[in-house]
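Input: one structure, supplied below.
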């Protein structure tokens, strides 16, 4: 399904894998400050922070999957089927349609603290973008360079959880994902001592045996564990370039390979794109399943006072460097 | 299928679970010293060490599943399907039919060193006990109080392996079973430190979490790992009575419960009996699936100079102590 | 820590393993109908249902670990450290001290439906039995022959959960335990087909391989999974005697062997006793770590109109049947 | 450590991850037909098949890690510590130093059948390349488009195993690696039915749950299982370009991320390069840890009648495509 990661190195980075068995016409989309968002509750967001991320544009509206604003605040929506519950339409000031949450938050907040205030009493409604575009059942990870939160709108209301790992995948609800990490506390990147039977001569025949028990499948709980372990043990680097490269390697640890996640009727989930936004510079890096070269789109190379969306189609074809 | 254990405490103990989906008419059988074994190779074992163990008696012959002789040497045969390979009949001095191996070894050896000499150049043949009684594909664990060995007659010949764990189950060949323990070297009876993500506050919410990853199923490799872990971490006790009790608890960790191992056509493997022979005293203790009380048969309570088999049917009915 | 099971066969059975690293002076205790319970809220339970179970008697008060009443309703308290939260003392009609819950429920209820009504608005308080006897952090499983529930008093209040598996261990809260079973849905008592690589000739070298992945350690989540799998795949029998025997085999699958659960400072949790109450007959069966023979105490063999506790010390010494 | 894969799609592909905690000065090296190999046994290979692969050049000698010849035959050497045993130097016609095996095989063979004949009676010796360059303990995978073999020189002699999975990692010896796959036969790319407890409503809350139990760590046995599962379930594609892309995704499933495999003293194994040779076209594709873009070097773009090595340094710096 999907995995999102918030990561601190020389800069702060935020990104995700989008894992689906079908693809939209998503693009890298920049929303300058003066693009007007007319909210379903009747309000308007007219002058706001600029943002960059991956979106499908429909009727000049950016339906973002993940995005970062010019203040370095980031948010990603991830699949949360059967658990996401959006309230029936109520046109109050605090009613926001689920598809509006990303621009609503990024338009006006600069930090997680501000986001928490904004989310206070917020009602996420089931108003659809338009009749042909049904809502997706989502939950969200929101991060700045200091903290991350998970936002889940369940049947019993809106939950805003501190997210100390800076990772989100899909089901089950976040508290269960977080609790589940306890079961892996004995796994290590180092070779362990022989605790099994100290009297026996048990051979550490390979490097990497200290993490035996780490799950390798593609279910959402296993990806949560693996992405967290990979992120937590990641080396620290001296350059932003190395950080970005490492970020994609972390995402690669939970990548979905074509054929490995069979959802029936010859459909297979796979990692359509992987992204890494350097939230300090506003540069959005991404790779696609068929093109492993990193592409980069810079927020600040555009006129951020504009009032129209700017968008760049994805590089989805292999880009091979021929040496001879 | 089966699990056998050799265990040192205040005395030396040897026993096994017999796991099958059908049962024979097995009994506790004592073979006094003057019972004559006429070997298929034409030789005769006439005056020999007495032995006690579990066997089916057919034509006055004790077909032992496991046994211990008066010198404290023990042997058990365990299922080894598709791997066991017995040589075509050759009537040489060193040719022993597979069903003869237990009495052949126990009749004349007192230690593992003597067994190793006896097994040198031995040929295990496919001669059947009689036309109605086909051979079982077996391998064997043989133990005295100082050492244990595993004996496997494979297609490429007879292998005699030192068995440092004192445990045997079934397939695959013993070297693979032993190697596999390496993969569990990080498991512990203690709660582990948090190596997974030291920056996260991971809760040791339960005792016993250091062994997460220990296999719980009934396959022969999983039973080998679990029996070894249980034996290796077993406490030491001050009395023989506690040792024997603990021995049955070790066997219980790999017990097969009725219904859990479905072999098809409404047949289920289960632990028909569990045994523990105190090899210092020659007392053979056992439990059966339906009777959890321990029964005891003593080798030395019989006339060991006799020339006829002595046998006691198993206590297979529940024996409940009514308090009021 | 502990495991409790509710099981239907020819009769309904309810029991548990008590796993601790220390032992109380627990006994099988029968509370006849006219033993007076003076509740901490000032009320009195004077004429009530009789009950039988395991308890420590202090000041003529039965501190039950688990018990069944003459109507066949059963309840067991299990360790729930760091999660159990009892309300500060409030002397209202609906305030019950944690140690009173078992007699309070069994005194007056005959079915789970009645228990649910009784628990409605109930407040479990932190009033201790006496100053020397601090409260244990517990949660409870309550069962009749038709249904089971789990009762947890958490920081956010009292939760009464339907318990469709009829199993309870310890942490984490019950909804997480129940959710976790989803991760094992592919495990089977049968040998699986080769889904891993159908083109390869992968050998089912042992029976029981379909359950590879079943956890074998002693943590509370692993015991919950293993006890559930064992119970769910248990065969059906034709006699009560076989049912009772099988119940103990189910408990044995999650037994804690001495040495295997090291809680530090040379202390080890182990299964002090295993119990099985036949709730149709009111006979309480049990085994202890050192005595594998089943003992039985019958509720209906006593004068249930009495006003004093009746108690039988446990059979904690090995009871071996000497055959010769 | 390392993982190598042979894969059939529209063409045949062969490649590997090189995982080490230190790096050599390896390059893509083409050996034209008339480069002279002077073997340590006194013989000379003067006119031979051209080959391309990854090598360190020392004294004009290509010390290949993996290579493919112009006939489409490929070979890779992988770490095999403590198990590899090379014979003491014997200057016979069938004595080949371990570092010579790759050019020796690729110089003269076109198929696996020819390789098997060549390996018959071959002795791999411990003669070092030069005094400063000690031998590496290796085993090898050799593949053409129809078959693959594994070659291991153990203490008991040279073993040539059919390799039906077309995957090689490191320890233990290949027969144990292959056997170990049996333990995963129940894992599937599809969601499984609920076999655990059919009476319970267990939720398939995520796609990909059928492979829960697939190991996710970096030990050599876990990488063998994971690479095989990934390869076996890989989709089939219609173009060579997609095949090559998929090949790198397969290798990515067993990639070693920096920090995840701690070998002590602040050293960490990581995937230095990943390669994929299209053996039909002789084009060698590769990625490096810091450069995820695929580079390509073509054997047939060079003068293959030359007598000097041709070499291209690796593209080890990030190559980012700036869109705006």
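Order as written gives the chain letters A, B, C and D; numbering starts at 1 within each chain.
Keep in mind that, in the parts below, a contact is a pair of C-beta atoms (placed from the backbone, for glycine too) under 8 Å apart; a residue touches a chain by one contact, two chains touch by 3 or more.
Here's who's who by UniProt: A, B, C, D = choloylglycine hydrolase.
Only a predicted model underlies this, so the values are computations on that prediction, with no experimental measurement involved.
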Exercise. Taking each chain's centre as the mean of its CA atoms, which one is farthest from the centre of chain A?
Worked result: B
Exercise. More contacting C-beta pairs: A-B or B-C?
Worked result: B-C
Seminar exercise, completed: When centres are defined as mean Cα positions, the distance from chain A to chain C in whole Å is 43
Exercise. Hey, how far is the Cα centre of chain A from the one of chain B, in Å?
Worked result: 55
Exercise. Can you give the whole-Å distance between the Cα centres of chain B and chain C?
Worked result: 34
Seminar exercise, completed: Two or more other chains are touched by the chain C residues 172, 179, 183, 187-190, 203, 205, 209-210, 212-213, 219, 221, 229
For this session: Make each chain a node and each touching pair an edge, then name the shape: line, ring, star, complete, other.
Result: complete
For this session: Please give the residue numbers of chain C that touch chain B in the complex, ascending.
Result: 1, 28, 82, 170-172, 187-191, 203, 205-222, 225-226, 229-230, 233-235, 241-242, 244-246, 248-250, 252-253, 255-264, 268-269, 285, 287, 289-290, 292-298, 301-302, 312, 315, 318-324
Exercise. Which residues of chain C touch chain A in their complex?
Worked result: 172, 176, 179-180, 183, 219, 221
Exercise. Where on chain C does chain D make contact in their complex?
Worked result: 164-165, 179, 181-190, 192-205, 209-210, 212-213, 228-229, 232
